[in-house]
């Protein structure tokens, strides 16, 4: 019971197969040009691929032989470029998606969707009289109007400010809870994915890199490419050694890092990653003692403040080429001021070290 | 020596006057539909307003009487909807902005801009063969090609992933350092503003709410509306009292908050704000003692994890309607687990309390 | 039922007047349609609902008769005459002997000279014959502009766009045209090889009114009107 | 003033539009939105009525519709009267020669509708006809108006085909254009002048008012 | 086969385009991109050459060009030969009656160019002419081709005006259309048929090939 996809094409390049859980919000994340829009359009039946098998809970939409026309697929689409009807008002645009309803119900339902999408008051405007974000929300209202089984949202919030976005997140979640429809959300914003989506598909060059629950994918990249896409800067090479006690250890230049037991990965060269927010700063005046896990001596290279947070670049002692990125709340530095050049020790807790494939 | 603006119009509504510092990157931030695009278009000379005075370093672009045509303004524009020429290849699109150069130099400069905008390899493609983010970058390449004195970027990175965005930030900054041109950047992303812009204009409903250096504006909203736009949830009412010692104190329900000395604000009802990341959690096992500034007893209502960070909603004791939002790194909760219902004390340091107008 | 009558364009004024007389006398009205005789022939061959056809060229009548579309081979109603028309402002003078025309042509001062298209217009053939008789054909041929029919040749000449033209007498007598230039009637012998026998015929579908009008056209009253408009019927019977 | 002819002309122009436009618009839409081998040849064929001299087309149509042809006899049985020299015949002939005017502008207008809009219509679950009349037709409106105006003007002014097929029968097939032509042929310039002026004024007013209306409509929706 | 007439027809069609298209396209662009009071009336005026019967227009043009008119004399002095019954006169007449075919399709095509694109051109610092030939013209190409094809076809087929203004002079003003007409009038149906067929084939090939080329061009750039 899911939205099953198997897509192959070139120009746009696609070699993709995935199952999107039914009744869940799934985020589709990947760099610009990776094929997200193409996948969405293929599901909508707007892009005909060399090879496409698409089925929703057993109902075949695309097979080798058949191609269900778009209008017969129960979908709602917010395209990347809104695609409103230029000759119709906002109300007219939304009502167009409701042609199956009698006129009064149509007006009622359209008004409701316009309210949900936070564009009430603009019903009589034509698309060219709207701002970019308003157009996007009208497109959202139009997409949800038919209560589609599959809601395809191609960067639906890209032109919308944080405040409005929050309301829309709430409404989208509420709507989704009510209807239990399958939502596929294309986004560049990992926070957005984290807040809205229970599942996440990570793609690049038209290929699936990693799929799974959002929090898992976000904090446990499977390989270097995924780590890069998830914006995790700290990816390093080390060699894995198994200790006689059945434990594993990473030899990272002169340092040894204890890691959580791993059976799968064989000894040898490996890559590992650490999230910047998981790097602990050892405060010299605190009695940590035995709490110190994998302490690494470093020298501060650079401190950049980013509205409430601080990004610290650390040079690891004994590993000249290696830069470690650490993220701290600004407040943390008030009491332990760190400046470029100062020497600090950080901890990489074994449970925070992610072995990459 | 700046870009001076005085704009008034209705439909789109504008009542705006500001000076944008020359040779700086200034962010234009405001909710969807607040008039950002309209301002950009007015500066470009594409939107004729009821009243417009625009001048760049003394050179009048718009006055009561005169209107300098767009092509004579030294601008580069990345419009919100890219607006590429559909019949020209990527190379052709960029070269079109270089019609003043001889053909060979044209090709050279276009290639350079295409590289800067991170779309090399796509020179021969037509716009319909590009992804949304690629189109945006081509528009960027075209806008910078002429080395304009004023670069107008209307959400230029909205469809671009984090990784590519970072490269573009770097390139934009480098370009800006080289040329010292004036950049006006429309964005919804406060992080983006913080990373790129030295100045920030906050607008709503076509009106200027606050202008100033980015970090100042981001951490010191002037009024409640600004706080809301900057996504600061903790805005409360209290009454200001001056102590005999010349100090000031806020009476907030049963609590008293010491605040930094303020001469401007008269005693009486005031609003104040605290950034969620500036709320300190008092760890019960730590010997804080006299460090405790403005301690507030609260009860935890809700804990939401957001990829590496945690949002905690607190119910302030004695103030039933008041909810305090606190942001912590996830790690902080590992050692002091907090769950819904537990009682915690937090500190609002006097320097972190922002009095609003 | 009011019968449709097809008549050559140059009969417009004459026939309209006769039809009015006919109406006064008999109380029966007619639908008159004027146009190119060639077109009418095409149309009648395709079953056009005309009951009487007055052609500018008897050959059309014979063609239709051969195809069995007419009652008989009809009767002549007039013999056409042509003359030289010279618009005001032209270097040419209108004389009956075409002397001035010869001189002007020889002097190269004729730029354009209008006749109807001899390929298919009888007046064109007559004009050609006239010019050949006068020995001017060779010189004038490169200067000719060819009207689709006699009326168009008349327009060419009357508008002043051509310096002169050989046109039907019947048209030259129209007051509007007479005001635009001078006219000299040429002797009929000059185009003896191309006599302008104009013939009318009742078509197969002709009803009583058409028959009555056909007869009326042969009466003296009608002849008199024809005569006035330049359609004389010579004494010697053709046929 | 020949009012019978005026009325006949306007009637012919309207009836021609009535019969020509629906199939022409559908054909234009089909040509605009599908792509197949040999499409250019079909487009070429549809332009051909412009190429032959009207009188010659008229002649061929006359032969086709005349009592001697299969088609002519068939229609005669069907309608009880011959097609040639009747108003019906005139409408058919007029519709045929106006095909290029009706199809081309409409086709260009349908082609100009963006892919985005077509896709949005599909995603809204609209059927072919819903898409056609709610989305495509309103967006193609300026081009369709061009088609209407050119057809209208050309039907008023057309006289070669009409003369040949219709036979210039007053009240039945004598249009204003033919009537004017007759006046000019018989050198009745003042009547011809008056009638031409009337024809010009009728047309000018009709066309200008229609364009004015569409322009106001379009101003409401400049491409977003 | 009357090859002189064939060549003359094609020459007339080409020369007419040469003189008519540039001003017509500029005028179309102007009408498409500016908005002013009374614009609809200008559009209406430009459609009027379609409204009058060709022979009648031809007659008025003949009078205007004839030796008795001011214009006629002026031209005669200028060219050394009268305008009426000359190829030059034919070109002028033909250009005049083709105005509606040339302007309307081009105007619709210019109107269809999106505001975005116009603004982008301005921001790229393009001058009026640069914008016109690098951006607007290529984008309006399908409409301009429509204009060209309709003008081409109509010039080939037009015969009322041409006959009146040209005077049917072999080699100078006797076009193929007139030649065919003459054949039909003199009941030479087989020659008329052959020549019609030739005219149709020439036109069909020209038009189909042009459309085919533009279609391939357009496929490269379906709206993004």
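Should a chain be cited, it is by its letter among A, B, C, D and E, assigned in written order, with residues numbered from 1 in that chain.
Throughout what follows, a contact is a pair of C-beta atoms (placed from the backbone, for glycine too) under 8 Å apart; a residue touches a chain by one contact, two chains touch by 3 or more.
Small disclaimer: the values here were computed from a predicted structure and weren't measured.
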- [ ] Touching both chain B and chain D: give me those chains, sorted by label.
- [x] A, E
Task: Two chains sharing the most C-beta contacts - done: D-E
TODO: Would you mind checking which chain's C-alpha centre is most distant from the centre of chain B?
DONE: C
Task: Most remote chain, CA-based centroid, reference being chain A - done: C
Open item on the list: Roughly how far is chain C from chain D, centre to centre by C-alpha average, rounded to an integer in Å?
Closed with: 36
Open item on the list: Taking the mean of the C-alpha atoms as each chain's centre, how many Å separate chain D from chain E?
Closed with: 19
Open item on the list: Need the CA-centroid distance for the pair chain A / chain E, whole Å please.
Closed with: 59
TODO: Indicate the residues of chain A shared as contacts by at least two other chains.
DONE: 81, 128, 130
Task: Residues of chain C whose C-beta touches two or more other chains - done: 39, 42, 152, 155
Open item on the list: Where in chain D do residues touch two or more of the other chains?
Closed with: 55, 59, 115-116, 184, 222-223
Task: Chains grouped in pairs wherever the two touch, ordered by label - done: A-B, A-D, B-E, C-D, C-E, D-E
Task: chain D residues within the chain E interface of the complex - done: 35, 39-41, 43-45, 47-48, 50-56, 59-60, 100, 104-105, 108-109, 111-112, 114-116, 142-143, 146, 149-150, 153-154, 156-160, 177-178, 180-181, 184, 192, 196, 199-200, 203-212, 215, 218-219, 222-223
Task: Touching residues (chain side chain B, partner chain A) in the complex - done: 11-12, 30-37, 80-81, 129-134, 137, 154-155, 158-165, 188, 190-191, 194-195, 215, 218-219, 228-229, 231, 275, 277-278, 280, 305-309, 327-331
TODO: State the interface residues of chain C toward chain E in the complex, per the touch definition above.
DONE: 36, 38-39, 41-42, 63, 87-90, 111-112, 114, 117, 119-120, 144-148, 152, 155-156, 159-163
Task: Residues of chain D defined as touching chain A within the complex - done: 116-117, 119-127, 130, 134-135, 138-139, 220-224
- [ ] Would you tell me which residues of chain A are touching chain D in their complex?
- [x] 44-46, 69-72, 75-77, 79, 81, 83-87, 96-97, 99-100, 126-128, 130, 135, 142-143, 146
